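Right after this note come the structures.
Across the two complexes that follow, chain A remains constant while its partner is chain B and subsequently chain C.
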Partner chain A sequence: MTNDTLLSVKDLKVYFPAGDGIARAVDGVSFEVRRDETVCLVGESGCGKTVSALSILRLNPVPPAEIAGGRIMFDGQSLLKLDEESMRRLRGKHIAMVFQEPLTSLNPVFTIGDQIGEAVSIHENIGTEALHRRCVQLLKSVGMPFPEQRLKDYPHQLSGGQRQRVMIAMALACAPRLIIADEPTTALDVTVQAQILQLFKSIQKKRSMSLLYITHDLGVVANIADRVYVMYAGAIVEQGNTVQIFRHACHPYTQGLLASLPSRLKRGKRLYSIPGVVPNPAFKPKGCPFHPRCPYAEPVCREEFPEMCDYGDGHLARCPVLFDKRDL
Partner chain B sequence: MTNIQAKEFNQNFQFDQPLAPKRTRWEEFWLLFRQNRLAILGLFIFILFFLSALIGLFLTSGTNPVFDPALIRLQEKLRPPLAEPHLDSLQPEEVPRLDIYLMGTDDLGRDVFARMLQGAWVSLTVGFVAVGISVLIGIFMGGIAGYFGQHMLINTISVDTLIMRIVDIMLCFPSFFLILTVVALLPASIYNIMIVIGLTSWMGTTRFVRAEFLSLREQDFVAAAKALGVSNFRIIFRHIMPNAIAPVLVSATIGIASAILTEAGLSFLGFGVPPPHATWGNILSNGKNFIFDAPWLTFIPGIAILIVVLSFNLFGEGLRDVLNPKLRERG
Partner chain C sequence: MISFVGRSVVQKTITLFFVSVVSFLIIHLAPGKPSQVDPLNPKFTPEMVERFQKEFHLDKPLYVQYIYFYQDLFTGKTVSWKDNQSVLKKIWERFLNSLPLFIVGTIFTWTLSFPVGIRSAIFRGRLFDRSATFLSYLLISIPGFFFAYILIIFVVTRFHVPVIGMETFGFVNASLPHVIMDRIWHLLLPAGLGATGGVAVLSRYVRSQMLEVEGQDYIRTAWAKGLPPEQVHYKHALRNALLPFVTMFGLILPGLIGGSVIIESIFSWPGMGRMAYEAILARDYPVILTVNFVSAVLVLAGTFISDLLYIVVDPRIRL
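Here is the complex of A and B:
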């Protein structure tokens, strides 16, 4: 862990009871977010992205969720060891979160002015006048037209994109050092999605903060990420910077994901799809969790959970088979 | 749209005002509420009831009240409503203030109008205080049960189980008899009755609130509030409660009505407010002995209870519609 690191998650394990077994939703995930950096966590539905993100803020309901192991360090503090009260003071102030569903993430009975105001006043002592000015300024900074008037609106009077802007304004309220965005554009249509991504980029540039962006959309990743972590079945399978991931994917899963993207070159052809489905987190296959779907699977994959192989320059992939073949 | 295009767009179309006119929350509230005729009627009757109870309190209390509910004129007993007093048989200070018995007199010749005024205050305070107590307990217990339900106490039972079993136990008692028992043991006073009614009627609210909380606590806005660092206490009472308040309000208005009825019932049975003080219940109870000779003695308090209870229900339903932001129009 270098000085540059803002957030580091080490070997995080989050388990849920599932029937008579245990669903290992997150099983030994490690990643880092450096200062002023945008990191993307990519993976398909159910691979543990959201659970990992919620664990950082300790928002997984415990029980049923159980943090079975690991360490989360934020700016020198171990988040898993903090008591609930210090954790509460940290949420929103130093780490803020933007959720997937802007339509339901705002309280329907309060005006957005109330809600943005609360985001500020919970962590800061601030007078009514100053609070109002701050809210207007926050709304302006997320590109909301007529911020003065919008403050008096209720969430249902706004469109989805506008609501997501409000959510972002709330996340920005106390100038946090890290924003965790959990698929913030999934519920929005493509043009609004582009605007929101643009907004994230410009805010991040202006305010010097880190962004942990969780998505399943590789197009979004290519657009905003500095570094990328690819998750599969509760584990990181590949990590690297954007160029490394998109140009030189070294894990069969990442390669499969990239191959299934539509592009001009593939016009008229049938799109590739990775055979099979994501394993049930309660019944993960022994060895490499990807081996039943992997075109390169060898007997060893069925036996041993693969180690991370270092391709140099921060590019790692959890596939020894391809690592051994890399020079061939 | 690129940034340059966006800038041009904004320069070309500078609106001074948004297109829809803006109103304050109260204006909007009132505009919506006004559309519901029955709710307005309910509100009107409620205000009338409130004012008459308040004015009645002043006009019927003190050493020399304007309308004396306790003044006995045996020679003028069971006069019908709007009867003129027989001035020759009355002392000057016994003559009713308006020179007329607006609602007649009872078997002791007491002015029923004065007694109704005095009773209105009793009904009003019993209704509000009892429901206030029960709603406060209900919201607190329901909120805790719904929100912290999963938390285990000493690893054996959950908070939710504990609270809801207490509710079940309380519901097992026939509440009217519970109230009768408690009232029989306590000194008869209006405050004891309010408190007892309040303490025996919070279970319904608790169930409502818990049910609302169970669904609301899974909502994204609760997770979002948590992610902002809002405390549990604040989430319960400031974020979830306003969303859960609609059924509570409706049940509270019905609760006020039923508290008024319970008090009337207790007074009717002679367990209520001690006799010289008039309440609608004991006027009714008193009148039942003369129901064929003097029907107004039962009809007047009966209809008063009916109208007040009905107005509360109408008002409550109107409130529910207005407080639900989903029913609001854009404006």
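Here is the complex of A and C:
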């Protein structure tokens, strides 16, 4: 962990009781977010992205969730050891979150102004006048038209994109050092997605803050990420900067994901898809969790959980089989 | 807004008309006739029955009787067939008796159910929630009349205070504090008993409603903002959880008239419920029908009030 690191998650394990077994939704995830950078966490639905993200703010309901191990360090503080009150002061002020569903993530019975203002006034001592000005300023900064009038609106009076802008304004309210965005564009239609993505990029550039962006959309990743973590079945399988991941993918899963992207070169051909489905977190296969779907699987993959292999320059992949073949 | 009020008044008047027709028909469909309450009574000679039928238009066709009845009702001339007293006056007297019972019972019910239900939801699965759940089911399953007798025995033998009726007989000349205390003692038990069932059921509703809201995305947003737990629970969650109860609040209005027949009978409380019950046994049609009509009016007024309240509390509903 260097001085440059803002957030570091080490060997995080989050388990849920599932019927008669345990669903190991997050099973030893480690990643880092440095100051002023955008990190993407990529993976299929159900691979543990959201649970990892919620664990940073300790928003997973405990019980049923159980943090079975690991460490989360934010700016020198161990978040998992913090008492509830200190954790509360941190939420929204230093780490803010933008959620996937802008339609249901805003409280329907309070106005936009109330909800944004609340995010400010809970952490700062601020007068009514100043608070109003701050709210207008925030809405303006996320590109909301007519911010003055919008403050008096209720969530149902806004479109999906506008609601997501409100969510972002709310996240920015106290100028946090880290924003966690959990699939913020998934519920929006394509043109609005592009606008929101652009907004994230410009905000991140303008303010010195880090962005942890969770998505399953590789197009989005290519667009905004500095570094990428690819997650599969509760673990990181590959990490590196955007060029390393997109040009020199070293894990069969990442390669499969990239091969399933449509592109002009593949016009007219049948689109590739990885055979099989993501394993149920309660019944993960022994060894490498990806081996039943992997074209390179060898007998050893069925037995041993693979180690991270270092390709140098921050590029790591959890596939010793391909690592051994790299120079061939 | 004005058009909404106008529209509902028209709709509700139409509903009321149908209610009046249906209840009139049902009463006349029921077995037994007012003139034949006691055919064995030697005082009831055939001539008397005939006179009785003539006097109350019972020999006319039904639709004529219907018109006669509602004409009398709206001009305030309806009288009971039993004692020839004005029905509206009778109902008003009984209503004033039922009112304190109803008000105190309602206050008990609503002020107890909400704290219990909300706390159960917040501390779901903990000791408080489990004991509240156990108590609710216990109170729901114990029959009211049984519980009432147990409580009466307990209070009378333990505190030596009489609890039957509205006041102690012959207590008129006592000093004012004594009279007040006597009234309170007489009121407390039936009102409390009426409330126990209400609390048991309503607190369950509050709990499940609160639990549902606590699982919503916007509650997670509230936590993520760094709001303290009180604000998350009592501002963001409660405000949403309250919405369905606004409807219920309008609908308790008819409880004014129905009251609780069982509680009133056990405690010999001269209230509305008991009067209606006795009227039914005596086939006193004017009283039954008037009580029925008044409660229909109260139901419709209640729904109208809840519609209006809904507009106030839920910004998503606009007219």
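Simple rule for what comes next: the second predicted complex is superposed on the first by the 328 of 328 C-alpha atoms of A that agree within 3 Å, B and C clash if a C-alpha of one lies under 4 Å from a C-alpha of the other, contacts with A are read in each partner's own complex, and residues count from 1 in each chain.
Methods note: a residue touches a chain if its C-beta (ideal position, glycine included) is under 8 Å from a C-beta of that chain, and two chains touch if they have at least 3 such contacts.
Just so you know, these numbers come straight off a predicted model, no measurement behind them.
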Fit-or-clash call for chain B and chain C when the two complexes are aligned on chain A:
clash
Scan A:D36 for contacts with chain B and chain C and give back first, second, both or neither.
neither
Contacts for A:L90 in the overlay, against chain B (first) and chain C (second): which applies, first, second, both or neither?
both
With the two structures laid over each other on chain A, which partner does A:D75 touch: chain B (first), chain C (second), both, or neither?
neither
Just to be sure I read the superposition right, which of the two partners does A:L106 touch: chain B = first, chain C = second, or both, or neither?
both
Partner, of chain C and chain B, that touches more residues belonging to chain A
B
I'd like to know which partner A:Y154 touches here: chain B for first, chain C for second, both or neither.
both
With both complexes overlaid on chain A, does A:F146 touch chain B (first), chain C (second), both or neither?
first
Which of chain B and chain C A:E66 touches, first, second, both or neither:
neither
Which chain A residues contact chain B in one complex and chain C in the other?
57, 59, 88-93, 96-97, 99, 101, 104-111, 118-119, 122-123, 154, 156, 167, 170
Give the list of chain B residues in touch with chain A in this complex.
1, 15, 18, 22, 24-25, 150, 219-221, 223-231, 234, 239, 242-243, 325-326, 328, 330
Mind listing the chain A positions that touch chain C in their complex?
57, 59, 88-93, 96-97, 99, 101, 104-111, 118-119, 122-123, 154, 156, 167, 170
Which residues of chain C touch chain A once you look at their complex with the stated criterion?
216-218, 220-228, 231, 236, 239-240, 243, 313-316
Mind listing the chain A positions that touch chain B in their complex?
57, 59, 61, 63, 88-93, 96-97, 99-101, 104-111, 118-119, 122-123, 146, 149, 152, 154, 156-157, 167, 170, 173, 191, 195
